[in-house]
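In what follows, chain A forms one complex with chain B and a second complex with chain C.
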Partner chain A sequence: MTAPAQPQQHPSEDDPRIMLDGQVGQYEQVPPYPPRTEREAEFYTLGDGEMFLNMGPQHPSTHGVLRVVLKISGEKVVDLDPVLGYLHRGVEKLCENSDYHHIISQIDPLEYVSSLFMEWAPVMAFEKLLDVQVPRRAEYIRVLTGEMLRIASHALFQGWMALDLGGLTPILYSFIERDEIVEALAALTGQRMLFNYFRIGGVNGDLNHEFMSRVGDWMSRALVQHEANIGLLNENEIFVRRMRGIGKVDRDMALRMGVTGPNIRAAGVPFDVRRAHPYSVYPELEFNVPVRGTKDGGDSLDRYLLRLDEVRESIRIIDQCLHEMPDGPVMARMPRLMRPRPGRAWAAVESPRGLFGTYVISDGTDQPFRFRVHDPSFVHLQLVGMLMKDNLIADTMAVMASLDPVMGGIDK
Partner chain B sequence: MTAATRSLRQVATVGRIVIPLLVIFLIVAPVATVLVAQAIGPWLISVLNSNIGILRFVVAITAILLFSIPAAFIIIYMELKVIAYMNLRVGPNRVLPAGAAHSVVAGLKVLTKEDFTPNSADRLVFTWAPVLVFLTAVMTFMVVPFGPGLVGAPLNIGLLYLFAVGGMTVVGLLLAGWSSFNKYSLLGGLRSAAQVVSYEIPLTLSVVGLILLAGSMSIDSIARQQSGWVWDWFVFRQPLGALIFFIAGVAEANRTPFDLTEADSEIVAGFATEYSGMRFGFLFFAEYVNVFIMSALIVTLFFGAWNAPVDVNWLLHLVGVGPLSIAFDPGQLGGNLVALAAVVPLVVTLVLAAPFYLLRPEKPVWQSLLIGFLLLNLLLVGVLGLSAYVDWDWVAGLIWFMVKAFAFVFVFVWMRGTFPRVRIDQLMGFAWKWLLPASLLNLFATALAIILLKSAGIN
Partner chain C sequence: MDRTLKTRLEAKLADRLTGPVRQRQDQTEIRVRPADLIEVLRTLHDDPQLEFTILADVCGVDTGDTLQTVYHLWSDETPDWLRIVVDGLPREDPRVPSITSLWPGAEWSEREAYDMFGIVFEGNRDLRRIYMPPDYTSYPLRKDFHLPDDSARGPGGGVRHIEQPYAPVAGTEHSIRRTVKA
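== the complex of A and B ==
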């Protein structure tokens, strides 16, 4: 005698009864579809006493809309899987369908905390395609504004770092530091965040009185203010102990993974695009490339402290720019409609997060045939999976914050 | 009659119900109350007299429940405002001047929110966990002496009761975390269990040295032994114990830097993630009530309880005056009292208003009069407060206790504004590797000192 046939009706996903009637195990099936790769199959198989913990996309501390699936055993992170794409806009494709002027405003919001660098790289690539000689005053203005924004970005990094470790106050001090810079840039460009200031062949508008007075005001106490801000964290035993020894990136791993920017300099490799592949007027300026970390590599504290060193160097660069600013035009003579010769160009700048590069292929029309972006945050996020094994949940936040990823750039 | 009926017809429907009710309440109710009181008053008083213990308990627990909510409101407001100024912000500034009623309005908001229970939650446990958390917090108030004689239940094993009941908070947090059917909540609940159980041990051990010194577990007796000067406070005889008690107390109250149970950058809101409405409110209030209790305990055990830092009587004796007391019976003035009550406020108001009027003759008179009246009120409050302070030792005790307790609440808030959070392994390591040996050392040293002093014949 056979059992009566059960009606095999799969309940709708919206049916609330699915929550009541289902087995508890049904919630553990993450993701609901069969695994697509071996790595996925391995990751989504739970061992004894393990469970998944979803951090994001609406989590307080994932710097935007990153989703990280943690496989945890108690407080220990066994494995982790960053899931990207919640902020994907298709910037590269958008840029391929815009003409060369419009690309500057399209690419601006990639890394929204340091957007001048997002403008700088494509503008440099287009200038290579068009064989334009940028006026020296324009180059100085680019360096000046860029280094100011680097300080703003690093200040914000410091605040985020503290916030992810549970400190409430430093981020507000950081915002004060950042606000002065951003207000000065707003006087120059009209925007506080997405400046849209660099142009192919120069910059949009010369330095004005309000900008100069604000910069002078800020520069007179920039170092003092910076030192005062970092005192609350750097001399805090809890903060230092939480950062030391976690998330160690050694030299080999950094080179193998293509890490750039402060993260590789904190691992003991003195690689800086401004010195390694000089661009703009950086060869004329005096500044050091700060390096930290031992031969075992650098930990989160090294990465944090290195960014503070960079702020001091940036203040030096700004000082030199202000003193050596040449006279002259800020814009080369450019045709209204740009049709570069067919060809390809690569340009990279040292953004606050590392090497930010763009690769352009022109087919002779007024739009690029191909436009590609290399974003440092994307590379750095790959490290998280390697660094997090056998750490604690709280360390995930500390390591991720110390790598300083910005989701806009990662998801493009 | 017609005029009254016509007027009544003109008011709205609600008024037609409310006005007669008002008449009843204003005229009938007082008369009835007096009659009833005359009828059963003596009997009621005799019944209450014979059950004075129960009456005292009911009054105490009502007073404590009524006190705990405003205390939590004040601490919440203090935290918002103090941290705001530390962050160079303004903080709440909308409700009343300087946003003084901000936390009250936030409390009302919590009351009006949806009371949501997740589908898969364990309903019974989920519902009662916040109640358990809040009640244990409030129950510890019962043995805290707010002033001489101002104690809910003067137990002779007050400290034991305190740690027993205080340790029950963790059960509530664990239940809240477990019953929510949420992984963040579960982690938060387990973290709080690990943390509170670990820190309970140094917390309790740090007080044992004090018990040896005081020779009593009654909090009231410990408080009385600290009367006199500042250096009679137990913190100067048990500095290490006070330090350990403070650190472990911060961890017990789940406050920064030990607020791992609700680490928002890691596990969202910990055990409170799934709670909404007033259930969340209970958890929230309980946290702040715990902060106050920890401050109150530190003050009671180590910082002189309700005692003033200076020995006033000794000072007065030095000058040559006996103990102060204002022995003034208004009844002895007789009929003059009425005259005084009619004349003195008027005269004082005019006297106080006069300088303001003379200095700014161009401003209207009523402004000066208003200022004079307000000053008179301030003066009266000051005089009455001073006489109460001098006459009744419990008023003086309450004031000193509150000042000291809120000073420690400020320290708690200050720490929240300054410190990052520790990691779970650092937290446990600190409790077991440092605090526990230190508290044992403290106990050993205290016991040794007592034995040596006794054998030497001192004290």
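== the complex of A and C ==
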């Protein structure tokens, strides 16, 4: 008598074909499955009068595709558990299997509202590996375009912030501001969002006439337009009362939680990579690092106001760049095929959201052996759980929006 | 390159360093054993001459033979980035102490390294997968996790198996084994 036929063994349990073997359901466990960690056990145990509420993954105020499991008691949030991975595309693995030039376009869509900064950090890391000296004009162009995009990103933040609290008007106006910047950059790079403009050793093309006329046009009224946008919200009593006092981050907590960027400066720590570890031509430029928050830390309103302060500083930087732009080439002489010597390099830039860093290990081939991306939004999203304890459900969006996360970067 | 940082590190950490302090461009690198990690980081954070207050990054690395965890720190006392490498973690059972007692913000980064490399951070109270689904079993960023078209890089390769919807963990006979001395 023969033994019953065994089902064919597949090489990996991750093989989606396994689902065809009538095992559908086995792989679709959702909580409550047996808890895997101490924290999960604690979170998925309901107390008296508590219930779970799923916010997302399609919720409009999660800035992408994020699911947050809220544990609520009445209108109060007791605890929450963000579930990531809906936008995960394995960008680190992709980059480890692409050559050095190709990575620039792979990494662009991480933080899609400020993608030049996503190009800047890896390009700087590769330049360190290759010992390349970037022409000064290229560095000035990088700073100029980068700061323009920072303003565009902060403008969008201002609109989002209001939208998440239920105000529709500001986003219409902040999109005017953003659109002018993005159109100017499109005249320079050919793209509105994913610019793919920085190159290892410089930038893709020199400034052209249309870009310069658009920038000149926009700069002539940038400050006025910015002040007008501020007037829409800052005087609004509903907005201010709603934001004041929620989501307080103090100095010590910000440092221990690894917070960077505007969020740590709003908690009273003057940490800005542009000044803390200067790169590019930032040491030559004059600008202040705005800091807000009292000794008890900063709340959501502080984080909102700080970004508005930063816009003014960015306009100052752009003004200096335009006046002091040197002549010369925009690309160093580079080989087509890059094979850096084996070594390691870390480079970090100040993106509109904070410290964006890359760590690259080269093994001497044309592809990096290890390519690590550190995204600030990923770290900041951890704060939401701590900040939301014993707050109202409706404030979750306000607090989350004030941290300004972008899910593309968080999920990588 | 900050030469004084090198002497400071050698004086403070002394026998806890497993190799020489390496410096290149704006980065200083030290290597420590997993057992010493917490003590080293505490010294770096608390010592008034070092004061590395900002944790810039936590990540895992697969060198092809063994695993590493890498930490990047920033301090106001030096113009350099400091990189701490914990190396020589065995592939079968990589274990390293969690630094969430010092920087609670490292929790998710450690979860990510666990998800991608299978490195177990002892003391992290929420060590579950963060990107991949909970029933996932392999570690995608390890070097023995080959992409479907990796065989194109080998001799006789060149065909992208687009119709193959999964990533074979074992690799094919043509896949190249990459290692690095990192």
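The rule is short, and it goes like this: the second predicted complex is superposed on the first by the 381 of 412 C-alpha atoms of A that agree within 3 Å, B and C clash if a C-alpha of one lies under 4 Å from a C-alpha of the other, contacts with A are read in each partner's own complex, and residues count from 1 in each chain.
We adopt the following convention: a contact is a pair of C-beta atoms (placed from the backbone, for glycine too) under 8 Å apart; a residue touches a chain by one contact, two chains touch by 3 or more.
Worth saying up front: this structure is predicted, and the values here are computed from it rather than measured.
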item: Fit or clash - chain C, chain B, common chain A; value: fit
item: Chain B versus chain C as contact partner of A:Thr37, first or second or both or neither; value: second
item: Touching partner for A:Ile176 - first (chain B), second (chain C), both, neither; value: first
item: Partner chain(s) touched by A:His101 [first = chain B, second = chain C, both, neither]; value: neither
item: Which of chain B and chain C A:Ala162 touches, first, second, both or neither; value: first
item: Contacts of A:Lys248 with chain B and chain C, given as first, second, both or neither; value: neither
item: Comparison of chain B and chain C by chain A residues contacted; value: C
item: Which superposed partner A:Leu232 touches (first chain B, second chain C, both, neither); value: first
item: Chain C versus chain B - closest C-alpha approach in the superposed model, Å; value: 25
item: Set of chain A residues, in rising order, touched by both chain B and chain C; value: 16
item: Residues of chain A that touch chain B when the two form their complex; value: 16, 19-20, 51-54, 59-61, 75, 162-169, 172-173, 176, 232-233, 236, 238-239, 241-242, 392-397
item: List of chain A residues in touch with chain C within their complex; value: 11-17, 27, 29, 33, 36-40, 84-85, 88, 90, 92-93, 96-97, 128, 255-260, 271, 276-277, 342-346, 348, 355, 357, 359, 361, 363, 365, 369-370, 372, 374, 378-379, 381-382, 411-412
item: Of chain B, residues touching chain A in the complex; value: 83, 86-89, 119-120, 183-184, 187, 191, 256-257, 259-260, 263-268, 416-426
item: Partner chain A, residues of chain C touching it in the complex; value: 24-27, 29, 53-57, 59, 61-62, 70, 72, 74, 76, 79, 81, 83, 102-109, 112, 116, 125-128, 130-138, 140-141, 145, 147, 150, 165-170, 178-182
